[in-house]
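Lettered A, B, C, D, E and F in written order, each chain numbered from 1.
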Amino acid sequence: MIYLTRKMHFSAAHRLYVDSLSPEENRKIFGECSNLHGHNYELEVTFAGEPDKTTGMVIHLSELDAIVKERVIDQLDHKNLDEDVDVFKTEVSTVEMLAKYVWDRLENSVPGARLHRVRIWEDDASFADFYGEGR
Amino acid sequence: MIYLTRKMHFSAAHRLYVDSLSPEENRKIFGECSNLHGHNYELEVTFAGEPDKTTGMVIHLSELDAIVKERVIDQLDHKNLDEDVDVFKTEVSTVEMLAKYVWDRLENSVPGARLHRVRIWEDDASFADFYGEGR
Amino acid sequence: MIYLTRKMHFSAAHRLYVDSLSPEENRKIFGECSNLHGHNYELEVTFAGEPDKTTGMVIHLSELDAIVKERVIDQLDHKNLDEDVDVFKTEVSTVEMLAKYVWDRLENSVPGARLHRVRIWEDDASFADFYGEGR
Amino acid sequence: MIYLTRKMHFSAAHRLYVDSLSPEENRKIFGECSNLHGHNYELEVTFAGEPDKTTGMVIHLSELDAIVKERVIDQLDHKNLDEDVDVFKTEVSTVEMLAKYVWDRLENSVPGARLHRVRIWEDDASFADFYGEGR
Amino acid sequence: MIYLTRKMHFSAAHRLYVDSLSPEENRKIFGECSNLHGHNYELEVTFAGEPDKTTGMVIHLSELDAIVKERVIDQLDHKNLDEDVDVFKTEVSTVEMLAKYVWDRLENSVPGARLHRVRIWEDDASFADFYGEGR
Amino acid sequence: MIYLTRKMHFSAAHRLYVDSLSPEENRKIFGECSNLHGHNYELEVTFAGEPDKTTGMVIHLSELDAIVKERVIDQLDHKNLDEDVDVFKTEVSTVEMLAKYVWDRLENSVPGARLHRVRIWEDDASFADFYGEGR
């Protein structure tokens, strides 16, 4: 069993804000993150599988790239997460919830390989990992 | 003469958009960058000077940090550049114009040292340098 | 369950040296690391938890930062590990033992989240992970 | 139990090519990777063990470096993987198969520590992990 | 005047070898680099110009990317430099000569901007800069 | 003319401290840097020259590495800068003064190439450049 990881990028705007709370409460909970701002997110997707006996590959990287581009990157890149992505109209677009979002978009998407982990870096100092636990 | 460089970060939302042009023209010129999105910007400021004979330092880094924080980072971090920063209400917030903005905010700001270069990385693949030429 | 990781830095001096052994024996075991030298350490702390249903966060990053700063960074940063940190007056300050030290300082420190892993990079080529096994 | 990781590098040429298939079929499966090209590979080897009570070390890094250099780096660095390394005369030198190769060369090689993971980065965007599962 | 830099990548095989010298002489001059091996090269191209008064841009990045892709990346990526690139059939494909090659391919290629510098990283520890001096 | 840069590392302890001043004055000037601490320094040395017509190289990297190792790295690596390096017994070991020290050790050291720049990173956020101006 080999775990193959591919890194990609997307740049997006967002804010951490709960609509049912007042601006002051949001400010208290999320600090300056309650302002509209943005990030260069780094996404790492890890798939587990056995290398094919002939090709030595778990996944064709070009196929993987096309799947992740269509299902994730095209949804998030150069977007305002809170307005352009349905799920974040009601959920807060934390890096934790982004990791779950990407998991839901990619699970069972690649034939012959199992999604093992989604990692999202919000900046150089913070990242969230999701292994599908509880999904 | 020593050139001392300090790196800092800010995260901001913006879009590349000329208000006097139509959405279609903006889309044609700026592509997906005409959508609201965001970045983790990296800022490098370089000051030139002679190290002090006693302390061996060109600048006190803690003083430099306080100056750059007040004059630049606090203006740009966790902001929507195009709405929260006056100059970008009329100018397009390209990385080129951001470099000029930072130069104007920092020139002659540090006693005993000369601002030599402002570098801003918009992402891992693109950065702009400004040396004050033409200012 | 989401695993949230935060990276921080500290710069410290140390040497690898067993007081009960001779300088020659220390030199033989630890090589040039038996000389006083220093590092920019990078610390990654990972906490596991369920995102809060309202805020979408496992931990408030500002609270986490304050806890790690007080319990770890303020103890180690700009210090001589072997003289300024009690435990390293008797134990050798290897990156392995540093990982255990940080674990002991952070376990059960963050309400609502479980410490999952402590990773310390001594330099770009070496790091130690501790998951609390055997503690 | 501490997991200690050491990073090293090697630069090598290779292509992804199955000799029993036609050039067209190889082109279809592997794309431009069926051309001879090359990489700066990054290798991370992780060994698990208990720190020695006296030295605080799981492994002597200088001993580890010597073992990995002799068993792996000297075999792969500044080589054409497909011609200079026996196993890749018949297997395709994907990053997946390279991870297995390194595992086989390093398993049980370090007294007192257990090989836990081999990670190989082919470039900044792709890496494979092998934990010995199925070996 | 703003200096805008764009980073790109290519992966290629090569060796340092002078055909008119014996294998032993090549080995003596170039060491293990006289073996066929390969790298993930990083290319930085810097263009200087005045930002357009309307768009705030020195260059349209999408146009720049297309030019560099066609003139440089497509010539070098996933290639054996010494066999697939005409100039390196007679010149040695050192990182110095690669920088000159890229300069010659990109000079005067971008309307309204002047090529200022070509930087090529052969690996994390070595890079060559060429400013067109002597061309 | 090509500018070739080579990066190397050294790990060292130091403090910023002027012996003729009181501990309180040192604390006021240098803050926590007046405590003994340490860094993983990164050194970049840049040499300018014309590539040799036969070999395509400005410098033999193996020769350069040997020179820098003997003249600089062996003097600074795994040392306490303030006690083990003569010049820093009287000068403060700031990154500015370290850059001048390295310049003095390397100027005119490499036959056929001119030392152009010494850059030293003290950590990921700070570096000093010296071009020999005033030497």
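The definition used in the following text is that a contact is a pair of C-beta atoms (placed from the backbone, for glycine too) under 8 Å apart; a residue touches a chain by one contact, two chains touch by 3 or more.
If you're wondering where the values come from, they're calculated on a predicted model, not measured in any experiment.
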Any chain in contact with chain A as well as chain C: D
Equivalent interface to A-C, taken from A-B, C-F or A-D so that over half of the residue contact pairs match: A-D
Shared interface numbering between chain F and chain C [over half = same, under half = different]: same
Interchain centroid distance [CA atoms averaged], chain A/chain F, Å: 41
Whole-Å separation of chain centres (CA-atom averages), chain D against chain E: 28
Geometric centre distance via CA averages, chain F-chain D, whole Å: 34
Residues of chain E engaged with two or more neighbouring chains: 124
Every chain pair in contact, whichever chains are involved: A-B, A-C, A-D, B-E, B-F, C-D, C-F, D-E, E-F
Complex contacts: residues of chain E adjacent to chain B: 1-8, 46, 50-51, 54-58, 60-62
Chain E to chain D touching residues, read off their complex: 9, 11-14, 32-33, 35-40, 77-80, 84, 123-124
Chain B - residues contacting chain E, complex: 16, 18, 29-31, 91-97, 99-100, 124-131, 133-134
